[in-house]
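Two complexes, one shared chain (chain A), two partners (chain B, chain C).
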Partner chain A sequence: MMDRKIVISDPTLRDGNHAVRHSLRVDQIAAYCKAADSAGVAIVEVGHGNGLGASSLQLGESATPDHLALTTARANLTQSKLGIHVIPGFATIERDLKPALERGVDVVRVASHCTEADICERHISFSRSMGVEVWGCLMMSHMISPALLLEQARKMESYGAEGVVFMDSSGHYIPEDVRHRVEALVDGLSIAVGFHAHNNLGLAIANSMAAADAGATLLDGCARGFGAGAGNAQLEVLVAVLERLGYSTGIDLYKILDAADLAEQALMKEIPVIRSVSVVSGMAGVFSGFMKPVTRIAEEFKIDPRDVFFELGRRKIVAGQEDIILEVAKELAQRAAKGCQ
Partner chain B sequence: MTQSNRKLKVAILGSGNIGTDLLIKALRSPYLECGAFIGRSLSSPGMVKALSLGVTVSAEGIDYIVKNPDCCDLVFDATSAKSHLEHAPIFKKLGKRAIDLTPAKIGLMSVPSVNLADSLVEDNVNMVTCGGQASIPVAYAIGQTQTDVEYIEVVSSIASRSAGPATRQNLDEYIKTTEDGLKEFSGAKRTKAILNLNPAEPCVDMQATIFAKVKKPDIAKLGGMLTGLVEKIRKYVPGYEIILGPIVENERIVVMVRVRGLGDYLPAYAGNLDIINCAAIAMAEEYAREAGHNPQDEKR
Partner chain C sequence: MKTECQKRIRQDCLRVLSGREKALDELRQSKLAVIGGTGFVGTWIAEMIAALNDEYQFGIKLSLLSRSPDQFANRLPHLANRKDINLIKADVRQLGQLPSDVEWLIHAAANPDIRTHASNPLDTASVIVEGTMSVMRTAERLGRLKKLLYLSSGLVCGSQPASVNGVAEDAQGAPAPDASFIYPNAKRFAETICSAARAQSRIPVLVARPFSFIGPYQALDTPWAQTTFLSDALHGHHIRVMGDGQVVRSYLYGSDAAYWFLRMLVAGESGDVVNVGSPVGITLQDLAKEVATNFDPSPEIMFNTAPRSAGRSAQLLPDTAHALNEYGLSVFTPLDEAITLTVQWHRMMQSNQARN
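Let's look at the complex of A and B:
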């Protein structure tokens, strides 16, 4: 167990943007980058909650455009690598990826829904050809079995990914779900395996521990858990727990605790908590990032947001399909009106 | 020369899903007959289907049309953008009209419910993209009825199984072409296209959501124009419907459309593939009428 290394990738400034409707400003990005950099975080991810090129009416518009967020982060990172999240279908190579790489991105994580790895081929191979570090990300990974997840991860490996991160985008997993998937991936891939936890069921840290124990070598964590919905694995807790377990992360404990304090003060309107709708979102297996739009739309249509989540789950709606919330809300409201007559 | 008692002869280049579905639609048309169904391999599923329907087939690619110029007056090109760039000058030289179903975008972008008349004078028209065919009529209506259209965004969701390898490899081209089409037809200052693949089973129908930011939304005016447009679209895409809106929600105009396909060669959920084919057939039939062809007995 001793001497096992875990790479920490920190998407506070990307996933956290979900929690503040993509409103993070340049000064906030600069301040947190400095703090994470001095703590020794390996990778700092920056951008819109859904990644590069995702600022939209569908998902919410960014207060800070991609190029500005990246330039700011670059100027404030000395030892940490600068990372981005890229979803094909939202971000294109010409419009988004090339300009981002010109601004000094070190790590590109190309993400798709867990069954759609082949839409990542061009973005992965392009990024590799530009000489940056490239990971594949499989989102909403609870929706398929470990065997199918491996099949998709293998595709990413074949396109040139140097590692694959699977994401518990709905916060649906319990530790043994994570263990089975990490084992399948470690066994079947010759590249690194990473895990990104959400905290809807209060298990983000426990699930991350299970991932490390089963052989994952990269873990995502956000300061105070700052992320979509109920938040992610809480970075400073994760670092402390890994230290107790005997893993090395290269992160200075005091400094990451300071960074988390700073994040709480400078970035957050509220510290992520597991609200009742987030529990339902985790149970229903719906992307945690839906919490804010579901809450808003349910209020407008005077319906129970929990019903909306279960209906979205029944329809197997994936991350990025936020527009469907409106359709579901309209349908539920009509059903309710009929029931009253 | 009288055309009144014969159909317009068309060739279909490309024997994949799109080409094969087009074939079935062309055979049903009272205005069109298929002079040649052309691919690269006689054993492909599309070729086998065409053979079973008694259609003249060839695996020679465009060479077949060069050698047999009488096989058609019009070509549907359902190959790839790269191939269409090579094919287009040959069609021109041979005097064949071309309906381009690839994202090559050499010719005028054509959406039959919006610019059918303008398209008639062109010898090469481009059918934009599936998401473009579904959303551009709505974007056009927004452009016509609203003032100061600052931004239009279209989010399409399609069933994973309706997205073949070519679609998956060409998401960036899809986005670019759809954004260009939205801009051209709506006059919006900025446009954005997003594509989501949903793997749920049973497969989801194609849907597109159109968002717009305008100065002062006039929903009544937009709704009125959309009613007329949808009627026009449904003449060639019967499964097209507005399932939500127009409404204003969170300071955005929102309209949501669903497209169920005819289920000819492709399953009904693949409305994305159906709508671009229906649009291409509508275009070809209009050429036929323009050239003086009368509807003939429907044989198949």
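Let's look at the complex of A and C:
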């Protein structure tokens, strides 16, 4: 039996915010933080779906502003660390990061698109200099090879990151993909390697297990999989499977099952399921967070959202390029109209 | 009037020079230039020259060439305002401003910050490779040049094999040829340029391979283990160690390093290659503990969750037998003392800043 520790980071109150259009309230944040804290979750991540400072008309306004969400979480976490997701550009150091650290954030996860680690230098260095734990996150990681992913991860390591998490933002991976990337990162870095799964192809848990087996020591999981698109690795299942395999997470199984029940009742309008469009977005390699806007815009233009996803995937569209959805939908609608004539 | 910080640095220099200054006699009444002269190494060499001139009447004229002499002058006016130190604004790739009567030349121009290497690998390579070409071309025109010391890197031989206690100068390894190792690869090629300049133009050049240093003037915002631990502790944070803490490194104090470089400059044979560093290894876990002993209350030491890859070497130490046997160089400031001196200096700087 192996004796390996896995640090679980729980972005239910951050990635889950995507699923409810960033509408999580103070009472919901407080209740879930209490439950996760009691279960022994190592890190509880809180905030807008796109992270600190991302509340906007374009990306969706948070019902609970950052400062209130963080203060609430801090007040309800005694043993769990408080984490935030930070995308440079959305979050600036002076306006967002400094005040967040003053409110007691313990772990800063600085994220960029998988090819753009350079933009994280100042945010990682600043956070490190303030004495908090800093991880780098590489989003949409399926878009580059393991070797290129390692190059980007090494940049984050050089800036001072203490761990690098690669994210399957579109739920595109199969376990083999994950294994190759973890092996490359573990072999080439001196810092911890982590994985953040999405469940578009029903493989979030299997992919997380492949990551752990290949040497990852940081795994993300959300209660009931509450997250963008088809959801994330389902936290309570993740904990149970890790326990069966002999990994130690420090999490109490019954209490995390209770926390998941609470999350289902208190946070979710609907439990994430793998809808047809999610399967397509996973196949196409398109950001899970695009599901709602794609579905809405496709309906508006009376076209098949699956076609939109495949076209977005062909164009290698990433988060932040939501405007392209409209352009693609318009083109597909025009093409369909010409076909009818 | 000297500040406490300046007095402390002078004491560090005199402690190293005491009884050893005669070994530098060839430098008396000569002209020395340091290209890339306002970094950690250049600053310590300037302090050492100032001590030799003030306390032993060496009469050395020192030129420090740098892209940012103004910052140096603002930071260290006690050096910048000296009559025997001349600050010159210059890029290593364009050395028209280098005085033509220089007799001793140290080429230390390169940015050792791994963040810059990661974000700007091409610029990193350009400064090192084109810069060294430029230095060699310039050296061809220096009629009075006695010796040129090139500061390379202890990383040019790649990782340390598990079978040896330290990396010797003739080790056969090399860093992997990818962007992550642009700095040691560029330094390695720069050593080849030095060799070519010696072969083609008879430039009297030798190579120093620095390993890790510690001491005042080392910026605390650089992501190296020693600076990070010091920064954590000085700011009242926990000391956080990357990985399991079993990685082994060694550290040479700033004044020791400055003496080593000057001694090599005057005593070295053209073509020689010499490791510069401490052969006394310490695990990062013990380094963190050593830093922590200088604080009350002692900061907590934390480890992150990265298991060390089984195939990766955990140790990088210089084999310094050549430096000892040929130059009589050894560690003058033991690591525990070096850490204490560094902590005390930073505390003095912090209180100076608080007063201002």
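By our rule, the second predicted complex is superposed on the first by the 340 of 341 C-alpha atoms of A that agree within 3 Å, B and C clash if a C-alpha of one lies under 4 Å from a C-alpha of the other, contacts with A are read in each partner's own complex, and residues count from 1 in each chain.
In this section, a contact is a pair of C-beta atoms (placed from the backbone, for glycine too) under 8 Å apart; a residue touches a chain by one contact, two chains touch by 3 or more.
The structure displayed is predicted, hence computed values, not measured ones.
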Clash-or-fit label for the pair chain B, chain C on chain A: fit
Which superposed partner A:Gly215 touches (first chain B, second chain C, both, neither): second
First, second, both or neither for A:Glu327, with chain B first and chain C second: first
Which of chain B and chain C A:Val193 touches, first, second, both or neither: second
Partner chain(s) touched by A:Pro88 [first = chain B, second = chain C, both, neither]: first
Which superposed partner A:Ile317 touches (first chain B, second chain C, both, neither): first
Which superposed partner A:Glu121 touches (first chain B, second chain C, both, neither): both
Which of chain B and chain C A:Lys5 touches, first, second, both or neither: second
Contacts of A:Lys155 with chain B and chain C, given as first, second, both or neither: second
Minimum Cα separation, chain C to chain B, after superposition on A (Å): 7
Shared contact residues on chain A - chain B and chain C: 118, 121
Chain B contact footprint on chain A (complex, rising order): 56-58, 88-90, 92-95, 113, 115-116, 118-119, 121-122, 143, 296-297, 300, 315-318, 320-321, 323-324, 326-327, 330
Of all residues in chain A, those that touch chain C in their complex: 4-5, 7, 118, 121, 125, 128-129, 131, 133, 150-151, 154-155, 158-160, 162-163, 186-193, 215, 217-218
In the complex with chain A, residue positions of chain C that touch it: 114-115, 117-119, 178-180, 221, 223, 228, 231-232, 235-238, 240, 242-243, 247, 304-309, 311-312
For the chain B and chain A complex, residues of the former touching the latter: 151, 153, 155, 157, 160, 165, 168-169, 171-172, 175-176, 192, 194-200, 204, 207, 209, 211, 213, 243-244, 249-250, 252, 254, 256
